[in-house]
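Input: one structure, supplied below.
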Amino acid sequence: MNSIEKLTEIFSKFPGIGPRQARRFVYYLLHQNDASLRNFTDLILRLPKEVSRCLSCLRFAKTNTKNLCAICDDSNRDRSMLLVVAKDVDLENIEKTHTYNGRYFVLGNMIPLTEKASTDKARTKELQNEIRDRENEIKEIIIAMATNVEGDHTTDILKELLEPVTKKNNITVSVLGRGMSTGTELEYSDADTINNALRNRKGVV
Amino acid sequence: MNSIEKLTEIFSKFPGIGPRQARRFVYYLLHQNDASLRNFTDLILRLPKEVSRCLSCLRFAKTNTKNLCAICDDSNRDRSMLLVVAKDVDLENIEKTHTYNGRYFVLGNMIPLTEKASTDKARTKELQNEIRDRENEIKEIIIAMATNVEGDHTTDILKELLEPVTKKNNITVSVLGRGMSTGTELEYSDADTINNALRNRKGVV
Amino acid sequence: MNSIEKLTEIFSKFPGIGPRQARRFVYYLLHQNDASLRNFTDLILRLPKEVSRCLSCLRFAKTNTKNLCAICDDSNRDRSMLLVVAKDVDLENIEKTHTYNGRYFVLGNMIPLTEKASTDKARTKELQNEIRDRENEIKEIIIAMATNVEGDHTTDILKELLEPVTKKNNITVSVLGRGMSTGTELEYSDADTINNALRNRKGVV
Amino acid sequence: MNSIEKLTEIFSKFPGIGPRQARRFVYYLLHQNDASLRNFTDLILRLPKEVSRCLSCLRFAKTNTKNLCAICDDSNRDRSMLLVVAKDVDLENIEKTHTYNGRYFVLGNMIPLTEKASTDKARTKELQNEIRDRENEIKEIIIAMATNVEGDHTTDILKELLEPVTKKNNITVSVLGRGMSTGTELEYSDADTINNALRNRKGVV
């Protein structure tokens, strides 16, 4: 296998990339000059040096000397709120909305349905530790998982795992509001969404 | 223009049908026997006789001698709740979920953005009359529009138009809950949905 | 079942239509006035009277007193060429290109792979009769099936069935040219198409 | 801009990749260990060393000491046939079909419609030189461009440019066969394809 084929194989493992597009990536690289390739590979190799998991929220980010990311080290963020997401990209998408001013915890993965509380993939132990460390300042934990079977399962397991510390410290546990997402029509909404939209209806003044 | 072409033209005006599929409909009909065609056209011609707008909710349905549909004439339905939808299909989709036991009103159309309160397309006058007629029994009006610009506009106008009667009779006006619809992921959610999902978050015990 | 439901069921059997769209068709009809509905059903009922299978090509069309369609009765069409298609819509699509000036025969269906020469669905007997009737004037038969497994199978069976009459009368049997269809790129072409495009390459002056 | 953002920007320029998927690539890399990243970047940097343009066909490939790729140096390939493609991936896709045993020339790009014979992007000069160098052994040149406006334009220009050498040496110039590509139906074929399929029809025995 030559380097075109080896690189095609590596790119084929990138998320959402099949062998045909992987091959086009290799040809794309073949058309770059040496300086561009060097810049590209330098950035890749610097990545694990410049970026590391934040000690507190566990997301990948540029961290400071205390090993904290910009959000976790920002004294203007509300330390009483902890929003638990599955992935780094979820956190980024929420940040983009500029609606949330609390802190985060990145679980890494949802908890698979097959095992009750796999700690291999989802960082449930780390979450428990983080909350125990800050049990005096946290007032609310928002579990923000995808609204599908695996997300619901993860929410259930987390609620159970966190119960000792949340009960003891009187920490509110909440989940994202469910109902009609923006831009949808009743005609095409599923039964579960209509159900939630009706139960969670809101009075208007 | 022969009858194949004329029928193609008529079918082309059916919702979601282009000329190619319209033509295939005509060939489909050409393959039916006379009895099937007769049954089909009889049903079409009987439609406006057997089905009429319910006097109360204004949806198309089989109505009884009092000109009421099965829902409006059902004494087990909660007469204190009135759910306002834009279209008959919205009502049908909600009924299929078996979550709602109140009554309905079908507006016919949403209120277009260009006119403030067009009564041509949306039956706002009829809605006002219906509520005034039953102002003693109605306790809550749920305005259930699509979660888009036109739906929001319709909700605003309706709220305003109904204010005299709702204020006077202490009728609650509510809208569908907004947030994450079922089966969605945070990574792909828009800012408005995330915003609603966070604001409408719910404590879990 | 009321007439809304019955009509929904009938429309659900139209080609490419599911129950949801079928229901929207019924509501669309409910919004038409009586005159429009009457015009629509009249056209449907007149269809089998005004349109019938042409005695020669067997397509559905307005036929004259000799029971021939406009193409088969057109003395300017080249009677020495017979193009065999599977369906009426194939014939119509070819006519739209204004490239072919011969005559047609509509087989009705392709010959299914499971039976060797099913005469139930495909009108092979009628094709054989038509050719025998005109064996002195036909010089070429073009078998124009879809370029898939069932189309190839149909072509093979037809060739075999027609051999006695074509051999005897020295009639050429041909199939559509295969190769690159317009608007395609080599990168995305399948092996079979590339193979045909290479074998059928053409010298340019 | 930190290295996550810089790498996202670079990946966004990869063919077919938007900013969201580019970001997911970066997180994917963040989950790889140091050895994998090192292997990946080594392969990228070795690419321009191990792979270079073949001196004869100009495709990117592992070349030997004579600077020829495996195809151009294979004495079993038919040296009398030269197939001209636009891109490396076209050549690869044809090779996968195992139908062609001649040699290739990679033009690099099609000739844009705006300039008559841009030699900047398309290697027309190199093609002319290659043919002149081998004018005694080449018997046929197959110009294999996409079947769209730009492809047809490229074919026309190439034909014109090559005329002096092809006329003088009696070299046949051909193009890929056009017609129905595999797996298509007449009902959905465009006029140009039907036209080609009819003109290029083939007699069957």
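Going by the order they are written in, the chains are A, B, C and D; count residues from 1 in each one.
What we mean here is this: contacts are C-beta pairs under 8 Å (C-beta built on N, C-alpha and C of every residue); 3 or more make two chains touch, one makes a residue touch a chain.
Small disclaimer: the values here were computed from a predicted structure and weren't measured.
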{"item": "Partner chains that chain C and chain D have in common", "value": "none"}
{"item": "Far-end chain from chain B, centres as C-alpha averages", "value": "D"}
{"item": "Separation of mean Cα positions, chain D and chain A [Å, integer]", "value": "41"}
{"item": "Centre-to-centre distance between chain D and chain B (centres being mean Cα positions), rounded to whole Å", "value": "55"}
{"item": "Contacts with two or more other chains, residues of chain A listed in rising order", "value": "87, 89"}
{"item": "In the complex, chain B residues that touch chain A", "value": "85-87, 89-90, 93-94, 96-97, 99-100, 142-144, 146-148, 155, 159, 172-187, 189-204"}
{"item": "Contacting residues of chain C [partner chain B, same complex]", "value": "2-4, 6-7, 10, 14-16, 21, 23-30, 34, 37-38, 40-41, 43-48, 50-51, 60-62, 87-89, 92"}
